[in-house]
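Residue numbering begins at 1 within each chain, and the chains themselves are lettered A, B, C, D, E and F in the order written.
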Amino acid sequence: MTDVVALGEPLVQLNAVTPGPLRYVVYFERHIAGSELNFCVAVALNGLSCSLIARVGDDEFGRAVIEYLRARGVDASHMVVDREAQTGIYFVQRHYPVPNRSVLVYYRRGSAGSRLSPSDLDEQLIKSARIVHSSGITLAISDSAREAVYRAFELARARTFDTNIRPKLWRSPDEAREAVLKALKAGVEVLVTDPDDTKILLGVSEPAEAYRRYKELGVNVLVYKEGARGAYVFWEGGSYFRPAFNVRVEDPTGAGDAMAGTFVALYLKGVDPRRALDAASAASALVVGVRGDNESIPTPEDAEEFLRSI
Amino acid sequence: MTDVVALGEPLVQLNAVTPGPLRYVVYFERHIAGSELNFCVAVALNGLSCSLIARVGDDEFGRAVIEYLRARGVDASHMVVDREAQTGIYFVQRHYPVPNRSVLVYYRRGSAGSRLSPSDLDEQLIKSARIVHSSGITLAISDSAREAVYRAFELARARTFDTNIRPKLWRSPDEAREAVLKALKAGVEVLVTDPDDTKILLGVSEPAEAYRRYKELGVNVLVYKEGARGAYVFWEGGSYFRPAFNVRVEDPTGAGDAMAGTFVALYLKGVDPRRALDAASAASALVVGVRGDNESIPTPEDAEEFLRSI
Amino acid sequence: MTDVVALGEPLVQLNAVTPGPLRYVVYFERHIAGSELNFCVAVALNGLSCSLIARVGDDEFGRAVIEYLRARGVDASHMVVDREAQTGIYFVQRHYPVPNRSVLVYYRRGSAGSRLSPSDLDEQLIKSARIVHSSGITLAISDSAREAVYRAFELARARTFDTNIRPKLWRSPDEAREAVLKALKAGVEVLVTDPDDTKILLGVSEPAEAYRRYKELGVNVLVYKEGARGAYVFWEGGSYFRPAFNVRVEDPTGAGDAMAGTFVALYLKGVDPRRALDAASAASALVVGVRGDNESIPTPEDAEEFLRSI
Amino acid sequence: MTDVVALGEPLVQLNAVTPGPLRYVVYFERHIAGSELNFCVAVALNGLSCSLIARVGDDEFGRAVIEYLRARGVDASHMVVDREAQTGIYFVQRHYPVPNRSVLVYYRRGSAGSRLSPSDLDEQLIKSARIVHSSGITLAISDSAREAVYRAFELARARTFDTNIRPKLWRSPDEAREAVLKALKAGVEVLVTDPDDTKILLGVSEPAEAYRRYKELGVNVLVYKEGARGAYVFWEGGSYFRPAFNVRVEDPTGAGDAMAGTFVALYLKGVDPRRALDAASAASALVVGVRGDNESIPTPEDAEEFLRSI
Amino acid sequence: MTDVVALGEPLVQLNAVTPGPLRYVVYFERHIAGSELNFCVAVALNGLSCSLIARVGDDEFGRAVIEYLRARGVDASHMVVDREAQTGIYFVQRHYPVPNRSVLVYYRRGSAGSRLSPSDLDEQLIKSARIVHSSGITLAISDSAREAVYRAFELARARTFDTNIRPKLWRSPDEAREAVLKALKAGVEVLVTDPDDTKILLGVSEPAEAYRRYKELGVNVLVYKEGARGAYVFWEGGSYFRPAFNVRVEDPTGAGDAMAGTFVALYLKGVDPRRALDAASAASALVVGVRGDNESIPTPEDAEEFLRSI
Amino acid sequence: MTDVVALGEPLVQLNAVTPGPLRYVVYFERHIAGSELNFCVAVALNGLSCSLIARVGDDEFGRAVIEYLRARGVDASHMVVDREAQTGIYFVQRHYPVPNRSVLVYYRRGSAGSRLSPSDLDEQLIKSARIVHSSGITLAISDSAREAVYRAFELARARTFDTNIRPKLWRSPDEAREAVLKALKAGVEVLVTDPDDTKILLGVSEPAEAYRRYKELGVNVLVYKEGARGAYVFWEGGSYFRPAFNVRVEDPTGAGDAMAGTFVALYLKGVDPRRALDAASAASALVVGVRGDNESIPTPEDAEEFLRSI
């Protein structure tokens, strides 16, 4: 039995070694990333088993993704190698035009990863998992990928979801809202989201109000990220706010995935939501201090050491 | 009046800093390249005016291409910025699986550059140029790009062409042959090619025989590249073989373009074909010693210094 | 017609890759800089035409400067290639002995750039420009360069000036004062300066008092930079203070030039001085976050995105 | 069932980025290596299953080793994490004092890897493997490691061995000879060795004579490496010499392991010894062209492409 | 006559070029460090003569240490080259698991440096020095090194000491306490310590109380470091607190040594303790901004420039 | 007593990290070099004492030079720090326009080093040295430096000289000839030169003839370098030709100095001229394989290991 199964697109990340406009960047550093892949790395680091169901191309970058999953202890045996398409890539422009933020430039149209489809699902695996996870990105990358998520959620015993609405990947906010709400219908154990996405989905952004509404939609626990301010967790019986740690930013990309994966893993292990959010915030803080989305996600011991140091 | 107008796709090149399989490469060095862009740089370095007609995306990489053209003295005022597509990129894997050779991995499907079309042509510019140049790559990247080359060749006063048949870009050798032979129909002043392409185009590969056959197709001067062996030039009245210079290989990508551009520029300046081939071979030798396709193409003075040193 | 003509010395910058005393720096990163060159890049990025009148050596670094100007859309056709002298260079030592500051070490004595002279001026160009710009550095590098600025200011329709008094380049503060005040005599539309320079020039440093005095000297608009505190703009009819943005410092070199160039360009475009100073401060903040003086100067759109993010 | 089980010490390699004496090297590049680990990577790349039995420390470098094994498809489930000792490391000095050669500086005394012992062996795994492999290095690093090899060879169905006598690791040639000959006693299917080691072991160095003598000791197939000259294979019924490929040397470390692992894997797959040696030589040639011992070991397809290119 | 003689272990430092867990660091930057070596560099930069008595291996890294000492103006003529052991090394993991802190991983067990012994002492040199210095690290690395410190302190005219208790190097806090208190017995002119060490040594941590107690043990001047808060100095007749400077952290390793060496040197030169602590704090602040422990320690002029800039 | 005293200009070298025209080089690697400094490093590595008399600026690069001399065991106590001028620097462009050759671009006009003058000479030191050494470069950099060499040669007990005629540093070949011949007048124990310089000096270039003529001018031993072909040594009683070793070229700069310094040192130690030339050629071969002029000069043991490996 696998604890967690995730569906999404793994990508090769080319991170600018020097900050500033991409135009003048001469050296790029290669990392392996992707929202659900980052999530899986966090889950595995916290001691749960995790499978990623995804497609990569039959190329060197696809092989790099599979080797990376195996290295990090994520089950890659359900990965599909697609001979018709290439592994997707993206570039990270750092600290321009806004300091401490990154701009992502994707080469993923028609990528192997975006060709994920319901036929890629191992139904037995999905049915047996404690949780099936995906995100708004996977809903956006193609019709077949979206159908794969819906189908997997149908089969799943329980679900977690990160709304992750990237406006560039959708024709309109309405399209995004419809797709995400449909995913939530099956009932979501833990929902990770933020005020911008919630505004699109529910038309509100006040945290407590958001939780009330999400709960009506079947959400059990809500992780509500307010970026550089911090994050809330709401659950049956309580809520908690964790102010963000004040850290130097190298590249914030992946911070949300680290938070989601760490929180969900600890939640599944029965950790108190407050302590889970603390550790998830530590993971998030460590990720923003480096290039690469998941290399600095801490083990539980390292997260504790971080928290003790504050 | 512009001496040379070229049509093709400029690309951002991501060259592996360390040799070996791409999978394990951590750092990539950014260069600006593309067969016709390389050709233009060689032409401009040899003192002729040159315009590149091509498309780039409305993105940082597209801006990098245009800035690079301007820097190198190539007229970029006829470049088209395409808001619907991205600037194409490719990766260079070096010395694996064959030492001294490179493997190119393209992300150019649907790229801005591949959307070049007859409507992008400035007819006045093309008619007034001494020479219009393109290559088999531009014929291969899309139907509209191929039509653009045919149309430009129709309008041109004279033409030069580099066969550059990349099997992966064509459905079949037959498709490539047909497309290239159609381009040659208009009459080509200087043709640059090699035994592999000639085998596909004419079914022969012996140099003198090849020249005889190309001449029947309207080719005036033939540059016949035999790779690490050297290169021939055939012309009305003579032929000459220049053995390749024995140099250390960093990345051979672009060597053929440097040879083509240097030869054509010197030929247009009235240099004796033997001396033009010597300088073109020097350009080629210098390019294989560095990463990047065109930064080491020599000025005429530098090519002479190279040749004196032998 | 060119909007802006600037006179100054372009330099090759060798920026320490690692912070600390230059003695232990092993790697240097090459950039193209110089106060007026940086100014021109800012002007061109804001959509105005700009010519740099300057000298470089007949060497690789001189060619690098000219290629860089062309790349950035600055008119380099009035650049003079001096066969008798080398292109000037300088080294940047970062974060030592004072964190967040840089120490500049110049090799520019007798450089091509310092040999700028009145005979290098294209009078037609200068007379037709909307604005002629220079700085206290150009006044300091040689007698002939100083004369060139005086002559150009005489011919100009309007002038902007950045006082930029570098004590090491002058024999005494008195010498600097005399030279700068003489430049201001012709009447300056926009003056960019700071408390240190103003103390030398006028013996005062309080902002409003400084403006009153500069106005008497024929200055119309005053940009008064107070470094890490922020900057004022004073104009006929108002004044405005823009606190500096709190950003991580990689190398502050060039921040003042980015502010001057951006402000002047926007001012010429008729932008309200307050909004012009906001954008100029954004430019300044982005430049301090990178090595290199001008690669991170924003376009108007990027400056706006920066300002929206605050 | 696992095809191959290997016993040895995995090490973290710190390879000098620049050639010359280690004293002046400022940057080091981290790789994962070790003779048997390299062997295993070659085996896995050729499609056989392979387990490494070895110890690493309970530290970041130990974790790096285990992640690397998993990434490369080598079974790491029998690895032992030793809480009492650190993962061993070594430095590679390149091209000094002899061009094209490397000097290795080890920090492995008392390392976790050297504490391998008979109690670390999974007897079931060893008995079921087609082949158990080790090398003279493992015999040398400690008494317990030597005993582990002897015990594993006793249990094994068949054995392969690489003599790899490193004089610095032994008190005397006699000690090395005794230890290696004892390992050969159990009967070795494929022995990989060279003239220097053979001189120590048998007092001879002529290839055919060496084969005759090794055969008497129970060796079935002999791979006899003559370094830059090439390599022989001798087997019941024939012999074959493969001249070395002439390639640029970055770091020859690991070339012998790549040859051994590739040959043994192909031999186990029933490939003709001549073709196996060709591919093994290709692997060796690719490894010397890069830093790192095993990243450039080719897949069978890539080895074939290499061989076709000659 | 030498002003200062120090006893300790010089080490080669391999500092992670990128932050995050060591496991994913690919490039390491080599520095020369060690607590007493850093101390000596600070002393020499402040114009006093300083000898380091220590052992290195007869290897490239040992030669690097000796060359570095000579370069920095530290007398290396009493260094011992040990043919039986290697020069010790350590790795620096930065910003993980706690941002702004480093984790050190040593390979120094049995190292040449740890084999320092009383027989290595030049008694004449020690007796003639104004001050003999060592630290709690040297007490911890081996019995013979500890005896060397005790013997040197016996011979010395005066002593300075940095408690530097590294829990990992001791079997128990009790063992550390005993060893350090024994070293203090001889009377210490300047003691450098912090609350953690003082808690172990004296069971107290309040600064003034600590000073009272240390004074009873024969300490004359106390430098009491409170890390990111700042540092106290207590002396006969007064005390002073210097809040830490707020600087960006690259790697805090070595900051304490820079403070100790700078303070002791200035104290020996008769500088007022308040001004000495200011300069020592400046040294500390500059060191945390770079990789490497001692390259950014300032000269007195540079420390003054730093202090003027605040 | 010092064995060798050398006079010349130390320089900071900025070596292009990537080959090709300097214009496109982004990263430079800092080394310390200069013909006589390189010579001194070779002398010291071979176990003789050596003093460099030279000037550096009162700047970070000057301090780097002095630290480097000390590190390498060259006596820097007679170095003069010149407060009026900067330490000279130069750039190395590699493999362009001629593969395997370098182009040097100097910023040394008016440098501190070129201001060497007779008043900088410690007469006692010079009179007591076994040998005083300089080169044609020092004769060329300024009148005062030339006078310093003449004066030192007058005072010296014996002299060695490297003709090193750099055409760019002289107004005419005649000027160079006169200056060098005047230096030779005092009698030169060992002269190092090559065919090009000899053509200028004597009008001949055939080796034996050259030796005959130099002998008439008072030369005792002649080292006659023929570049990639090899080198001769002629002495009273014999001659010997050492073909150059065939090695990969990274940067040939400094190869001649390594040969001169190694030969002279071994000659002074009484080594047979043939063996001295072998070792000197090994030094030369090792230097061309790296960036930096003197880091790869071997110790006698390392040179022997190199020679044994051939």
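Worth pointing out:
Heads up, the rule we're going with is that a residue touches a chain if its C-beta (ideal position, glycine included) is under 8 Å from a C-beta of that chain, and two chains touch if they have at least 3 such contacts.
The shown structure was predicted, so the numbers you read here are calculated from the model rather than taken from an experiment.
Note on connectivity: the fewest chain-to-chain touch steps from chain A to chain D number 1. Contact tally for A-B versus B-F: the pair with more C-beta pairs in contact is A-B.
Here the C-alpha atoms of chain B line up with those of chain D after a rotation of 120°, rounded in steps of 5. In summary, the interface at E-F recurs among the listed pairs B-D, D-E or A-D; the equivalent pair, sharing over half of its contacts by residue number, is A-D. Chain C and chain F have CA centres that are 43 Å apart.
We define each chain's centre as the mean of its Cα atoms; on that basis chain B and chain E are separated by 61 Å. Residue numbers of chain E whose C-beta contacts span two or more other chains: 21, 23-24, 26, 67, 248. A list of each chain pair in contact follows: A-B, A-C, A-D, A-E, B-C, B-D, B-F, C-E, C-F, D-E, D-F, E-F. By the touch rule above, chain E contacts chain C in their complex via residues 245, 247-248, 250, 285-286, 289-292, 295-296, 298, 302-303, 305-306, 309. Those residues of chain E whose C-beta lies close enough to touch chain A in the complex are 18-21, 23-24, 95-101, 248-249.
Of all residues in chain B, those touching chain A in their complex are 14, 17, 21-30, 59-61, 63-64, 67, 86, 89, 93, 105, 107, 109-110. Across the complex, chain A is touched by residues 67-68, 70-73 of chain D.
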